[in-house]
Each structure stands twice: as structure tokens, then as C-alpha cells.
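Questions regarding the structure given below will be posed in turn.
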Amino acid sequence: MAEQITHEAAFKALNAGAAKALELDEPSSLAILDQGGNLLAFLRVGDAALSTVELAHNKAHTALSLRSPSGSWMDLVQPGALYYGLDNHGGRRPYVVFGGGLPIRDGKTVIGAVGVSGGPAEKDVAIAEAMLSALGTS
Amino acid sequence: MAEQITHEAAFKALNAGAAKALELDEPSSLAILDQGGNLLAFLRVGDAALSTVELAHNKAHTALSLRSPSGSWMDLVQPGALYYGLDNHGGRRPYVVFGGGLPIRDGKTVIGAVGVSGGPAEKDVAIAEAMLSALGTS
Amino acid sequence: MAEQITHEAAFKALNAGAAKALELDEPSSLAILDQGGNLLAFLRVGDAALSTVELAHNKAHTALSLRSPSGSWMDLVQPGALYYGLDNHGGRRPYVVFGGGLPIRDGKTVIGAVGVSGGPAEKDVAIAEAMLSALGTS
Amino acid sequence: MAEQITHEAAFKALNAGAAKALELDEPSSLAILDQGGNLLAFLRVGDAALSTVELAHNKAHTALSLRSPSGSWMDLVQPGALYYGLDNHGGRRPYVVFGGGLPIRDGKTVIGAVGVSGGPAEKDVAIAEAMLSALGTS
């Protein structure tokens, strides 16, 4: 069976994400969800805007539920594209289709997700990757 | 640290907004949020439509959470644009991406927001700016 | 036909409520609803707790919807009493059954409601009555 | 004016709360809200039940909004008591009236709140107090 993410690991991932956010000078919210989509850890770093609280959580929800990076859905949900409207079907939270949400894998199994919101999407992704590294996954 | 908006200042801003709405002959709802996004003051002026109650509040929520004028997001959330779908991720309230919501700043710090809904967006913005002037910010 | 509450009258009522709240040294939220139950005016006075924002609005909603002071329902909704559970049936907002919500009447017709939340219920009622006086009703 | 809670302080408080939860052998969720009621930090420690995610957040919401420990409201909202039903008027989240939510103060000013959910209320309170100590408040 795949591993669960411990709170110690989550805590380390928050720490790594915060360090990366400060390094990039990008105040950000960091969210980590467990395999069931329930909140495991969260930190609003620096003076991140209030919008980032929901966005970080929603990005992690997206990456977990769809088992793929949030940004990978951008083209597919456009008007006229294959999954137009999919982003509205996240249930308790809508899906985000720009970057910053990444699934956490143990081998091939998705065991959780991270979501980052703060600056331009490429910085969000860089911070999310730093969190995955701290979790010993990628 | 930045100042909080007093109720006396909020009251003056409602008054200034009401005067501007009457001058422009545009019945409007006026909302003011504090730094945490909680309602500080509200006035529905003239015979403003019921839709304006939520819209004014949502515009202020947008300007506060995203720290920018609500209308500045219109292009960015369009199909094919960088933040397509962002407007659905406001949490308790969706974001409005047309004009009428403006952040209230003390220097560089966002300490609240105003939201105006009534007429065409340019009139809403003019009324919102009158409210900011009354608050001694801009 | 009964009169509607103008925004000028609502503004005066907010002003009178704020003065009374300061006189009683009781930071409070003040809400005024129109005949249809939609928000007409609101002011958070002094350093009123965040809880008061919803409570003031909900008290006004109660007084308007039930056409009676919010506090008059306390005994009737108790376990074993005639209308047990009624307080959960307010629709968009629950009903409050302690003091601070009062209907605004024009003759016998309820044309709106005020709701006040801040301190002990008797102060809330005193502030609500000051708002009704300013509206020229009682 | 009062200080805001930095993310470093929040992080330390999560750490202290986690240590206390392990010491008491009580898997728990820990939530920290800022002055405006927006999520600042969260950690689910050990194998805490899913119910604790919402409860921890709601307890912090209660302590912040009502500026008092969540458990201090238990008697006041009972049938026949002064504020019967108050717990339903928390707005976006209901109020919790048992222990585990505590306001964070800077002098007399409430600048945030912690909420803990896991075990019996007295353990939740002990963990919440450990978090306040780590924040340098009490």
C-alpha cells in the first residue's frame, strides 16, 4: 500500500515552500491535501493576498481530484474544447486550470496534492515543486 | 503599521458616494469592506436594483482579495487568457471582473476596499473614486 | 400605499444609531433592511466584534420576516414550546430570538427593519429604538 | 496599533501545538486565523479524524468573532438561556460552544485566534494554550 503523508512531512513541505517563496520574493499561500482531499496543512507566507487562501486550496483540490497538474487542464476546458465546463464540476470547490497545483505521488499512486498561490503561475509551480522535493516525491 | 478605516471615515465615504450617485443620476449600492474582508458600511442609494446589493459587495471583495481594481481582471480571465476561470475562485463570494471595485490603500498597504454597483461600469468607477477621495486615499 | 424608506432616512438612522452606540459605549453593527428584506444600509460602529456583522443583519431579517421584535420569539422557540425550531426556517438567514431586531412600521404596515448587535441585548434594543426614532417611526 | 501574526510565528505555534498533541497522545487539527478571520495556518497532526478539520477552523472562527474562548458560550446558548440560538449565527461557519477555540491578543486587541479539535475539550484547550504560549501571548 502507498504511504500516507505524515504531519511531520507536511510540516517540512510547508517549511520548504515558505523558504522558496521568500527566495522568490513572492508572498504565497501553501496548501497540502491528503489522499482523501481533506486539508492536511496550510500556511500563508509573508503578506500574501487574501485571494491566495482559496486559490491554493482549490489548486491542490484540482491536482488531487484530477491526478494531474492544475495547469495541464487549461487548454482542455476552453470554449469548444473537449472538456469545456469541467472546471465547474469540482464539487465542494471549483477546479483551477492554471499552474500551482501538483499531485503528490508515491510511485504511481497519488497520495495527496500541493497547491500554491501567490504570484505568476510559474513561480507558484516552482514553489510547489520545492514542496514536492521536501516530501521526497516529485 | 497601516491605519484601519474608522466608522466615521466609512460614513463620510458613503455620503460622498451617495452625492456622486445622485449627481450622475445613477441609483447605486455602495459597499465598504475592512482589511479582513468584513463588511464595514453599506448604502443602497436611490432606487438601485436589488442585483446591486450583491454586486457592490462582490466588487469590494474582489478589489480587496486581489488588491487591484475589479475591472483590471477582465482580460486575464477570458477564454484563452492566463487566468481563465480565476473569477470562480473567490470563495465565499465570486470575483467580479468589470469595474466598480477599488482597493483602499494606506501607502502601499491595502486596508480595505469599496465596491459600487448601479449603472454602467464607468459611472460605478467614478462613484468609487469619489468614495476613495472622501477617505483621503486614492 | 405605505412609504418606502429613502436612503437619506436610512443614512440618518445609521447616524442616530452610531451616536447612541457611542453614548452607551457599545461598539455595534447596525443594519437596515427594506420591505423586501434586502439590505438598505449598514454600519459597523467603533470596534464592534466581527460576530456583530451577521447578527445585526440576521436580527433585522427576523424582525422583518416575522413582523415583530426579534426578542419576542425567545419563549416560543424553546424545546417543548409552540414554535420549536422556527428559528431555523429563515431561509437565506436563520432567525435570531434575542433582542436587537425591530420592525419599521408606517402605520400598521411593516416597511423594513433594523437590527443591532454589539452588547447586551437591552443596549442593542436601545440603539435600535434610537434608529426607529430617527426614521420618524416607533 | 496591534501587531499582525507573522507566518513565522504561526509556524512556531503549529509546531508547539503538534508537540503538545503528541505529548497528550491526542491526534488533532490545529488552525490559526488572522485578525480578519482568514486562514493563516493549519496542521492536522497524527491520525486526527476528518471531523477535526472543520471543527478546528470553526472553533478559531468562534473565538475570533466573539472575542472569547469558544467554550465560554456553552451555557449562554442553551434552551432558556440569554443567547439561545446564537451558535447558528456565525455566518460562513457556525459557532462552536465547547472548548478549543481561543482568541490571540496583543494587549487588549484580538489579533487572531487558534482552534484545536481532536480529543476531549480539556485536551483541546491545553493544546490551544500551548499554541498561544508559542505566539508569546496568553
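Order of writing sets the labels: A, B, C and D. Residues in every chain begin at 1.
Rule of thumb we're sticking to: a residue touches a chain if its C-beta (ideal position, glycine included) is under 8 Å from a C-beta of that chain, and two chains touch if they have at least 3 such contacts.
All values derive from a computational prediction rather than experimental measurement.
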Separation of chain A from chain C in touching-chain steps, minimised, is 2
If I average the CA coordinates per chain, which chain comes out farthest from chain C?
A
Chain copies touching (chain C, chain D) - same or different residues, decided at half shared
different
Rounded to a whole Å, what is the gap between the Cα centroids of chain B and chain C?
25
Need the CA-centroid distance for the pair chain A / chain B, whole Å please.
30
How big is the gap, in whole Å, between where the Cα atoms of chain B centre and where those of chain D centre?
31
Touching two or more other chains - residues of chain B
34, 36-38
Arrangement of touching chains [line / ring / star / complete / other]
other
Where do chains touch, given as pairs?
A-B, A-D, B-C, B-D, C-D
Show me the residue ranges of chain C that touch chain B in the complex, using the header's touch definition.
7, 10-11, 14-15, 18, 34, 36, 38-46, 50, 53
Under the stated contact criterion, what part of chain D meets chain C in this complex?
36-37, 64-67, 79-80, 82-86, 88-91, 95, 110
Which positions of chain B touch chain D when the two form their complex?
1, 3-4, 34-38, 92
Which part of chain A faces chain B closely enough to touch in the complex?
49-51, 53-55, 58, 74, 77-79, 87-88, 94-98, 121
